[in-house]
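Below: a set of structures, written as structure tokens.
Same chain, two partners: chain A is paired with chain B first, then with chain C.
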Partner chain A sequence: MADADEDAVRGTTVEATQIEVDLSDETQDFRLLNHLNFLTDTSSSSLPRRGEKDFEPNPTEFQADVLSASRQAMHNALAHPRLHNPKTQVIAIYAPEGPPPAPAVTPGQDTAKTPSRGASVSPDACVYVPSPKGQYFKSMGQADRKGVIWLLPEEALYLLERGSLDIRWPTSITGGTTVEEGSEEEEEKLSIPMSLQAAYTCLIGRGGLTLERFTVFSSLKRIGYAISRAPGWDESTEVDDSVDEHSRHAYTQPLKRGAGLAGILGSIFNWINDPKSTSSTAAGPVIGYGIHRNYADIYKKLALIPWYDPTLTPTRNSLNTSSPFRVIFYVYKPSTPIKKSALPPPDFRIAVINTREQTTAPTLPELSALLESTPLDPPHGEKMARQMYMRLRHGYRNVILAVVDQGVTSFLRVADVAFGKERLYEGANVPTGPKKGGNFRKKKR
Partner chain B sequence: MAEAISLSKADLTVVPAVPASVAVPAPEKSETAEKPRPARTPRPPRPNYRHIHRFPLPVNVHHVPSVIPHNPLSIISVALSYLTFLIYPPRQEIYTAYFDSATSSVHVTGEKTIRALWEMGFFGKGSLSRSEPNWLEQEKKRRGLMGGNTVEEATRKRRAERRQLKLERARHEKLAVEERLKAEAAARESGSVDGLSIDGAAEAAAISVERFSVKRAMEARYLERRQQAIQNKNNSESADSLQTTNGSSGHFSPAVEKKEIISNSTATLQSIEDDLDLDTLENEEHLQLSTEEAFFLVYALGALRVVDRDNNVSIPTPSLFSLLRHHSYYPARHDSSSLEADDPFMISYVVYHHFRSLGWVVRSGVKFGTDYLLYNRGPVFSHAEFAVIIIPSYSDPYWSETEERREYADNKQARSWWWLHCVNRVQAQVKKSLVICYVEVPPPDDSSEDIGAELGRYRVREFMLRRWVPNRTRD
Partner chain C sequence: MESTPTLPIPISYVSGRYLLFSIDAVTYLRREHNICGVLIGTLPQIPQQNVFLGLPLELMPEEARVLVDKDVACIVDEARAHDGMRSRLEEDRRQYLRDLESQGQLATRMLADRKDQQREQSLKEIDEKKAKGLAAKAAKAANAAKAAADAQNAASSTSAATEKGEPKSVFAGEDESSSLSRTTGTSTPAPHQAMGVTPTTSYPLLPHPVSSSAQYLPKPEVPLSYPLFAHLHSRGYFLSPGLRFGCQYVAYPGDPLRFHSHFVVVSAEWDQEMDLMDIVNGGRLGTGVKKGFLLGGPQKRRDEVESEADRIETVRTFSIEWAGM
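Entry: the complex of A and B
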């Protein structure tokens, strides 16, 4: 059976390697799960490939067999016993009251020894791990001064869901026998494990964690990104810098002819070229009926519409945005080295939107405020300098909207562009080569 | 899979050379693929688009000889050129179009004007063509008066071929299912119940191999058919017999097939009729300008004058401006009604003018569900890279002063997420980048008669939108 499937796999290699195919959009052939060997052999690194699709039912028994084989395979995969090695088991305890308030630091004493510890535990954290081990705490959790790691609700829930964490009810809730402070091992043995349902009930809705936010968090976390909360997480913190007028000044005004010698000379040449001065923006024609020297001058005269220049706007405070159009997650690529105490600038900034609450796409003020709260990220690099289309696609500021529609997430990258900064008529941007060759990108349909 | 493709390509190149050996089974053909490529019928050379479309706008430009500092004579030549222009100014051609109030569009009928507006800046669309007004040429080619193919014909042919292939595929799949059913029935009769279910997966491999060979066979078969069709044509057999031999099997509904047959027979009828009036072929096509294009040509470039169809009087620019604004609603508003700051024409023209003034060739994006497409230099040179959708924005404090205005503005600028996702997905499919263009609508101001000042009150801001696929940015 496995051999046969591998044959089918080899057949579809070409299709599977095409990056244009969005893997997440395909239906899965679960028969492939049957010969997945990661369950037994962790050294194998090959990923399963997908089979061929049947588009409609036919009365053959063959198709029915394939279908039932596929179902059986999925069942087998789900029924595979998942074992937890007691050596790697991590036990956490739910603390509904949150972390204890940091004791007032007596000056000159503690700060010298452990300056970074303890101060960074978020008040939203509600699960603590007394003896942390394993790789997960490299990018998650915050340690307090005792070396106990505190997890935010989304982190705890994510770890619980993937079976890497065992959350226990605290004795204060279960009302078990009170144990002495030092004997934590005793406490772990006696405590009651929290079910997944209970964890969802307790943790979703805590400290601003909505189901939409958790969906986005866990889906990105699962494919390897590191995620931290952005300052805009808490909806109630809103700062009004009254910078709303900033973006108004970022529009270019149509250029006026300057004074001085250049202006005089310019008007003389203007008169020679267009002695009756037929050029008029009031009633047209804008470029006049006179003699035109080159097309670039014509295009310059045509520039009447003010356009937005993203480089002119100062970056606004990220708290001066209104929910849901505000950055709430900082996302780091798996390759980015992360140090929890000093986070680098994020690779992506994400705003999470629930389409059932925010039913309309953003209006200009909303989108503008969101983008202004992100730092300027102009196109850079040799490739971008060469390719205008690439520069335009990159934009000057960018943000990612995670639009969650009842559990289905679509990520949209929005970038601030300025077509006005790329003057096509100046000639440097003229593409070469015939249409068929595809100048900048692959062949289009 | 890859093998199948390369093989079929080999077949494609070889078959025209060996029309007699179509019965040769597919695997043996790979040998013949090694033979030198037969000379194809020479394609008519592409028109020199670089030369035809060398002017980006329908405006004449007269270059001044350059001044060379160490050569005083060059100054004289510059002065001379200015002098000649002063004494004998070159005439700028002003084209004529007329406004058709019934359809709220601007029509151009002059042959020369149509060519000029198309060649210099790609303005308008042929009323009977896909884009470039080439109906006459197309018609001549169709009637055999001219050689070569038009783009429309190429598209039609490609579509017909694709359809034929799909029919073939459906037929083969149906055959495969029937064979499978027969085999299953036979297996059931012979009593071996487990014969099928035990090695079901082995058969999965078998059928996938089978499917690829089906593809291969299908292509070979298809080519064979085409060869036959060509021969049939040469023998001047009727098109209907070809239709009945070809893919009337498969599981397309009989209605579709019937329709095809009908269209085919009408085509033959048509060709008979065409033979009668070969001599009297007149160009029945006109160029249709969108209101934005027409106004840009009139107001910005002064290269066009729009004539009222009823009384043959040219419409002055300010009246044309308000006329087009009134006609941007459906049904068109009456001339006496007041102009709004957010007339659809105002908003779309602002964006049109903005992109035109930056040197883009702006054309309608209706076929991709957007407002505009932006071409670099023009559609004959490259595909449009950007698709623009326009959303008005009512961020001016005026629009949020009263409850009524706020409601109106909210209604006007609201777009649903589903709509946005739809547009975005279509653009990704056709490999274009989606640009959302917000136009800030100013408060209404009736006093101004100055069109330039009026346009300057609108502001344009662009955003680029595209899907972010987390799986692809992990590196």
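Entry: the complex of A and C
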């Protein structure tokens, strides 16, 4: 009897329609990985459909089998080793003391390195690659003048984790070998590879790298973005140039016209049309007496409420924001050409928030300080000019909040929207001319 | 897979977070103790996606606490444990390196075997295509050149596929060279060098930290929602962090690998004033995604009891659903 039930369950395996869902939202069935057979057949490397799930546990053998198969598949996938082909192996060495400071004597293990050569290397870098090869160093690492590439902790950990870098313990920690000094090759052979565990232990927590920051870094890196640290990375550097009193001016008073000839002409015409201007609102109708020749005029006079104009806010020093609401990563799309020595303006700016430390939503001052620290990025382009809602969504300044909840990351885009700048009455679809026949609308042809 | 690792399982305390690096521990805790955690690492075999992730596994402090309270796990300060690297004897190091090398050689051999199989199969395919091409030649001489070109394409298709985009894994380079050697006709592979191996955990190089219980760190600090977490966990629910779904925890009736979640869970203190809107929002949210909105908490405050464990016993839960009337 139970068998009959199970057969019925077996029969209905595949649902007909699959709505588009964010696959990373849910726990994935690792059995799908087995179908991916990436070693033999790369043509099926597209991501699999998600597995079918049951509503609740039942005591059937079938369900137990499927679950155990899923778990086995997960076990196998996670147990996959990180191997390095000797031909392509890139070896790096962990340097707990960081790059040698310019004038000082170099720490123990890199006796071969001449001092005063790590000038361009970030002091937070702590892993160096003596003979860099491969594609990864195009967007990561900083070379000192000797051609040795120094990696920041997040870069080194990411590369190790994806199996592209073999980091070794320095002999200063593990102790020297009996092999005579100088034969570097021999030393490399006898140095101990760092485990994933050791790499996390040594690299997380170094130079402000929290696990949350690393999670965000690696999840973006995996899907192809290039990332660099923003000036706000270091929480202790705070600059206080008080711009707060300026931000009040961002509220535009109604009826203010822009400068320029058009503005002046406009105000003259307004004055001609309507000599008794709205100054008499207390006594009379809001739009004043007089002849109203078009709707635009009337609407303009109805715009009584002050509105926020993001273009008028002063740009704030990015260091004048308080953690965690400050930009710590600059992110570049894969299509953006990157030159490590002269980074272009980033495509995205990211602030990382740990939900266990920051349990409340940002306050308005925090959020506006964060937005003010990003440069003005008004909507542009043909598509934006055409579509108002695209413009509204894009906003005038924007920043991305990466909210990390115990390893689960959500990305939120926050933009400074200027509704006041969208004059609906000036749009193409609204009657602008003199009033003609009430609400009558032309039939669409 | 059904093995039980040595208890208690060491949970790595790294820079304020709780991590697991041992695959056996991860599988065991999932199977026997309903602890899932969140995988946060890159899978080396498919590193360019975010859907399937690998080790390490991040545990919520609540999860770590539940395990420590059950004496299944202990918290180990990894930074201190890795100081042990300084005191390894040279003999240990050499032994460890030898172990790694033999692992690497094993991996090389397995890959070579797999490659041989692949090569045989693709050679077979090419032969079939060639046979087809010959048949076509016999039938229609004019098409012969095109058929040969097809066969040529088939021969190079494997390498073309591996070259598509970036190499997907460390083996990609290997595959390429294999297809190259096939096309050039040298069928005997050169004696392989051992693969380099990056181990996942630092043991057995370091002494297993469980051996010295003096090194255990104190129990993890937990948020006020811990009693509700522990209560649901003790009832067999699997719990995941839930902020992305608009709640504190998502509760699954079984392993999330297999089952959809049933509840979006929010914890509250017993005498905590709540905004009615929050309850309405939670109810709407839960009903909208076919789950129940579960609201619960202990009836005692922290200052009224000796330990968190006493609070767990007093937990009451309520589920709120939009009724279809």
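The criterion applied here is as follows: the second predicted complex is superposed on the first by the 270 of 445 C-alpha atoms of A that agree within 3 Å, B and C clash if a C-alpha of one lies under 4 Å from a C-alpha of the other, contacts with A are read in each partner's own complex, and residues count from 1 in each chain.
Everything below uses one rule, namely that a residue touches a chain if its C-beta (ideal position, glycine included) is under 8 Å from a C-beta of that chain, and two chains touch if they have at least 3 such contacts.
Model, not experiment: these values are computed from the prediction.
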item	value
First (chain B), second (chain C), both or neither touched by A:W169	second
Partner chain in contact with A:I192 - chain B first, chain C second, else both or neither	second
Which of chain B and chain C A:H80 touches, first, second, both or neither	second
Which superposed partner A:T355 touches (first chain B, second chain C, both, neither)	both
Which superposed partner A:R293 touches (first chain B, second chain C, both, neither)	first
Touching partner for A:A342 - first (chain B), second (chain C), both, neither	neither
Touching partner for A:Y389 - first (chain B), second (chain C), both, neither	first
Contacts of A:D405 with chain B and chain C, given as first, second, both or neither	both
Residues of chain A that lie at the interface with chain B and also at the interface with chain C	23-24, 51, 66, 219, 223-224, 355, 403, 405, 410
Touch list for chain B against partner chain A, complex	1-2, 46, 56-57, 59-64, 82, 85-86, 89-90, 92, 177, 180-181, 184, 196-197, 199-205, 207-209, 211-212, 298-303, 316-318, 350, 353-360, 376-377, 380-383, 385-386, 391, 393, 395, 413-417, 419-421, 424, 429-433, 435, 438, 440, 449-453, 455-456, 458-475
Touching residues on chain A, where the partner in the complex is chain C	23-30, 32-33, 36, 38-43, 45, 47, 51, 53-57, 63, 66-67, 70-72, 74-75, 77-89, 135, 158, 160-164, 166-167, 169, 173-175, 177-178, 190, 192-198, 200-202, 204-205, 210-211, 215, 218-219, 222-224, 355-356, 403, 405-408, 410
Chain A contact footprint on chain C (complex, rising order)	1, 12, 14-17, 19, 21, 23, 26-27, 30-31, 36-52, 54-56, 58, 60-61, 78-79, 81-82, 85-86, 88, 90, 93-94, 96-97, 100, 103-104, 107, 114, 118, 161-162, 164, 166, 168-171, 173-175, 177, 193-202, 205, 223, 240-244, 253-260, 262
Residues of chain A defined as touching chain B within the complex	1, 3-5, 7-8, 11-15, 19, 22-24, 31, 51-52, 58-62, 65-66, 69, 219-220, 223-225, 251, 253-254, 272-273, 275, 278, 280-295, 298-299, 302-308, 333-335, 347-348, 355, 359-361, 363-365, 367-368, 371, 389, 392-393, 395, 400, 403, 405, 410-420, 422-426, 429-431, 434-435, 439-442, 444-445
